[in-house]
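Order as written gives the chain letters A, B and C; numbering starts at 1 within each chain.
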Amino acid sequence: MQQLNTQHLRDYPKKPKQVYLFGTCIVDSFFPDTGMDAIELLEREGIEVIYPQGQSCCGQPAYNSGYKDEAKAVAMSQVKQFPLDIPVVVVSGSCGGMMRHHYLDLLGDDPEINNFCQRVFEFTEFLVHVLRLKPIDQGPKERVALHTSCAARREMGVHITGNKLISQLANVELVIHDYESECCGFGGTFAVKHADISAAMVADKSKHLVATDVVRYVSADHGCMMNINGALDYQKQSLRGEHIASYLLNRIKGNSSKGSL
Amino acid sequence: MKHIIEEESKYAASAKAFRANVTRDLGNEELRSNFRGAMDYLMDKRKGAFSSEEELEVLREQCKLIKQRCLAKLPHLLEQLEGNLEKNGIKVHWAETITEANEIIAQLIAQKKGKSVVKGKSMVSEETALNDYLEERNVECLESDMGEYIVQLAKEHPSHIIMPAIHQNKKQVAKLFADNIEGFEYSTDVDTLIQQGREVLRNKFCQADVGISGVNFAVAETGTLCLVENEGNGRMCTTIPDLHIAITGIEKVIEHLADVPPLLSLLTRSATGQAISTYFNMINSPRKPGEKDGPQEVHLVLLDNGRSQAFADEELRQTLQCIRCGACMNHCPVYTRIGGHAYGTVYPGPIGKMISPHMLGLEATTNLPTASTLCGACGEVCPVKIPIPKILLRLRQESVKPKSQQPEVMKGQGAGRNNVEALIWKVWAQVHKSPKFYALSMWGLTRFRFLMPKKLGGWTSVRTAPKPAAATLHERINAKQKKAKQEKQSQHGRG
Amino acid sequence: MTNTKADIKAVSNTARGNILAKLKAEVNGADYDKLPKEIPYDYPEFSREENLAQFISELEKNHAQVIKTTKDNMAEVISEQLAALNITKLLYGDNDAHREIINALNSKIESQVYDFSIDNNKEMLFNECPAALSSSRCSIAATGSIVLWPDENEPRSLSLVPPVHFVIVDANKLHADFASLITAQQWQDKLPTNVVLISGPSKTADIQQTLAYGAHGPKALIVLLINI
């Protein structure tokens, strides 16, 4: 069979008893609620979540800046933190893509690395394909938009899993914004090195999201959201993005959720 | 014998000015809207050209493998191509540098006492800045592709490799024609504008003594030069004047004639959404005895200009798979915002970011590989599956690598290295690979979050600064686990 | 610029040696048998009718005019079309079939055979030949393309310079796609000076993505489809 443009398609394991959570450095320092909500959601499904305290960052910032050796040192230290043969669930498609696809390139294709990469799952991917989660929506009727990060979309297929999870929420209408698949302009150090281009991109992304007239948008990546929410806040817009872990948990619990900034 | 003194490409200076170019063009609203409109149109066209996802993916895989095979055999195919072209009566010339290529062409024209050249679209001749070179030697060079003609009238360069004048709208073209063409009455009617261009250019085709064209595919097996075009100017340039000179990069050679149909099909569909271009022109020889038209002489100039440098590295070699469809720029959110001229290079957009460093060196192009979010839209549509984001990453590595590190992969290696930045990443790595240092730094970040500056360079020019949390996820989980343990113990104690 | 010119033959020879040496150093010892297998897309087979319909529809999408006719009616069709376009002169390639058509044309139409060298006749060709008639070798259904195989009797500029191009296409010589055509006719063994695939009148979208026809070549492509 020809290999189609779906590198995210893979064989999924049965529902495990335990998983690791990789929190990502952004969630750790800026948005810990997301990590707590992801854990609660997984625990509600009867899964024990192990959070190795030695974890830090996937290494992507250095990797994307061309500092391969530095990225390699950090990436290797992360692999060591997740020794058990259980899934590593990552609450970011971008970091997930790094750990699943780029580690092989960075650390070499040896059995330990390969085994680690095979165990990496992006959060929504894990919910849909491994847990086969069917969320029971207890929240009020509302419309939301979904922004999928580019790495999540092209490396992990999150535009499909994220969409599937939101679409299963009975009281939620998913609104597709214009240029939905276009990048928000974050790109890590790109936003600093080429701040003006990044600014032009996030101006458009926030404009298209605001135009949907939803009260919140959902995303599986805090990188993009830090960018888009920061722009929305600067523009004094009321719209905010919320991580899909928190959003789902709140819908299931019937809480009205809030955007994260 | 006099040696050729290599001139630095004029594009080195404009590429160095990338940051200033971006500022200039981001602020130009008309330009921004011209590009957004054009990219929307081209993306839409491409989307409509592939009815089946499966066909697209099978073709992309096939075409990738075709180009990889042809590259794997490149030196041998070049020799085979040369042999077959010469057998067919087409003379072959080789040039390592742009000045060599220009000088060869200038002398071929001089030998024929040529004074007036009509040019079909050729990005390689833009790469060598051939027009400037010939005009300095009193040879008139007229671009005959409508877009190129407009760009030449405006004294600009193409802003897109397929649609050179995409940065101009019809009002701007109308004004340009009114200002430059005698007797043209201002009109924004596109048919009128094109008919005006037709009139001027057909006169030139009739009078010119030299035609210069590019090449889309050079078939080694048969010695065939293939040209893809819609307007007919390519056919004019290669049929009407007495002398035809084609110029192309060494990577354009393909092995078999049978390799053409899949490549052609993906090229036109990826570029403009056409099933095929209006004309597909296959040139095999000069005019033969008894034939009534066609050039008496046909020459091919094969140009290296950095391509063999890319070829020498297995990963970077993939850059040479490119068939110049322009789909990567059409789908690039950065290109859409800044337009083609801001890059300052002949080839803009993602493909330009990959190949310009080989042509101009990393010193002139340091800013290009970093000017990408690595969103991957380009790689997703590339008809020959060049892993564009990965190659950009690789170029970033070459750019910040110490100059002394061997082997030297590229001209200008280490040009983007900055000692302060390098040190920051070193410290960053030390912190992030050590759980103890990491915990300490996170503790500091969250505890002293009130010290977080409100202004963070370019970030806060359009965004508010993010605020660190009061406690890290590490700490919250620790606390949660402690609490759970205590509860368990106290329950145990009570029970 | 100096008066002494570099010897371009020597420049080219040196460049050739350097380029090939660099490239060969990289592929030295490569085993070409180990290259991965290339698998083409397996296109479904179409009936003659389906291919014909596809051929016509693609050409019409590209603004060509397709007229289904017969060998005997062609002269009449051409006469009518020329009259409608207000054209009274037709340039044609020299062969028996064309001569027969030319003889049967409306007597008001002046005909001219392309039996001259282009060298001293460019002005005339560009300015005094409003329409041309050519034959074709075969055609391609998938893309609506007509294959011209110019020779001494049907020069390349016959189908390029006159603003209206009539081309005779034999429905019995229709191939499904370009790939199968090349294979069926083993093109790699023998190619003429020039082959051109034509899929419509000359066009451009270079000004604000607006399609305009008649950029440089024919403004009208009139396909006379016979033996349907």
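The working rule: a residue touches a chain if its C-beta (ideal position, glycine included) is under 8 Å from a C-beta of that chain, and two chains touch if they have at least 3 such contacts.
The chain list, named the UniProt way, goes like this: A = Oxidoreductase; B = Iron-sulfur cluster-binding protein; C = Lactate utilization protein.
Only a predicted model underlies this, so the values are computations on that prediction, with no experimental measurement involved.
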Partner chains that subunit A (Oxidoreductase) and subunit C (Lactate utilization protein) have in common: B
Centre-most chain [mean C-alpha coordinates]: B
Rounded Å distance, subunit A (Oxidoreductase) centre to subunit C (Lactate utilization protein) centre (Cα mean): 53
Rounded Å distance, subunit A (Oxidoreductase) centre to subunit B centre (Cα mean): 32
Distance from subunit C (Lactate utilization protein) to subunit B - Cα centre to Cα centre, in angstrom: 29
Subunit B residues counted as touching two or more neighbouring chains: 54, 58, 61
Shared interface positions of subunit C (Lactate utilization protein), touching two or more other chains: 39
Multi-chain contact residues (two or more partners), subunit A (Oxidoreductase): 2
Contact set on subunit C (Lactate utilization protein) toward subunit B in their complex: 1-2, 4-8, 10-16, 18-20, 22-27, 30, 32, 35-41, 58, 62, 114-119, 122-123, 126, 142-145, 151-152, 155-157, 160-161, 177-179, 182-183, 187-188, 191-210, 212, 214-218
Sites on subunit A (Oxidoreductase) touched by subunit B in the complex: 2-5, 23, 25, 27-33, 35-36, 39, 51, 53-57, 59, 61-71, 73-74, 76-77, 105, 150-151, 153-155, 181-183, 185-203, 226-227, 230-231, 233-234, 261
Subunit B to subunit C (Lactate utilization protein) touching residues, read off their complex: 1-4, 34, 37-38, 41-42, 54-55, 58-59, 61-62, 65-66, 68-69, 72-76, 78-79, 93-96, 100, 103-104, 107-108, 136-137, 144-147, 150, 163-166, 168-170, 173, 190-191, 193-195, 197-198, 201-203, 205-207, 221-222, 224, 230-233, 235-236, 239-240, 242, 250, 256-258, 260-262, 264-265, 272, 275-288, 290-294, 302, 304, 308, 311-312
Touch list for subunit B against partner subunit A (Oxidoreductase), complex: 22-23, 26, 53-54, 57-58, 60-61, 333-334, 337-338, 367, 370-377, 379-380, 390, 393, 395-401, 416, 421-422, 425-426, 428-429, 431-435, 438-439, 442, 445-446, 457-469, 471-478, 480
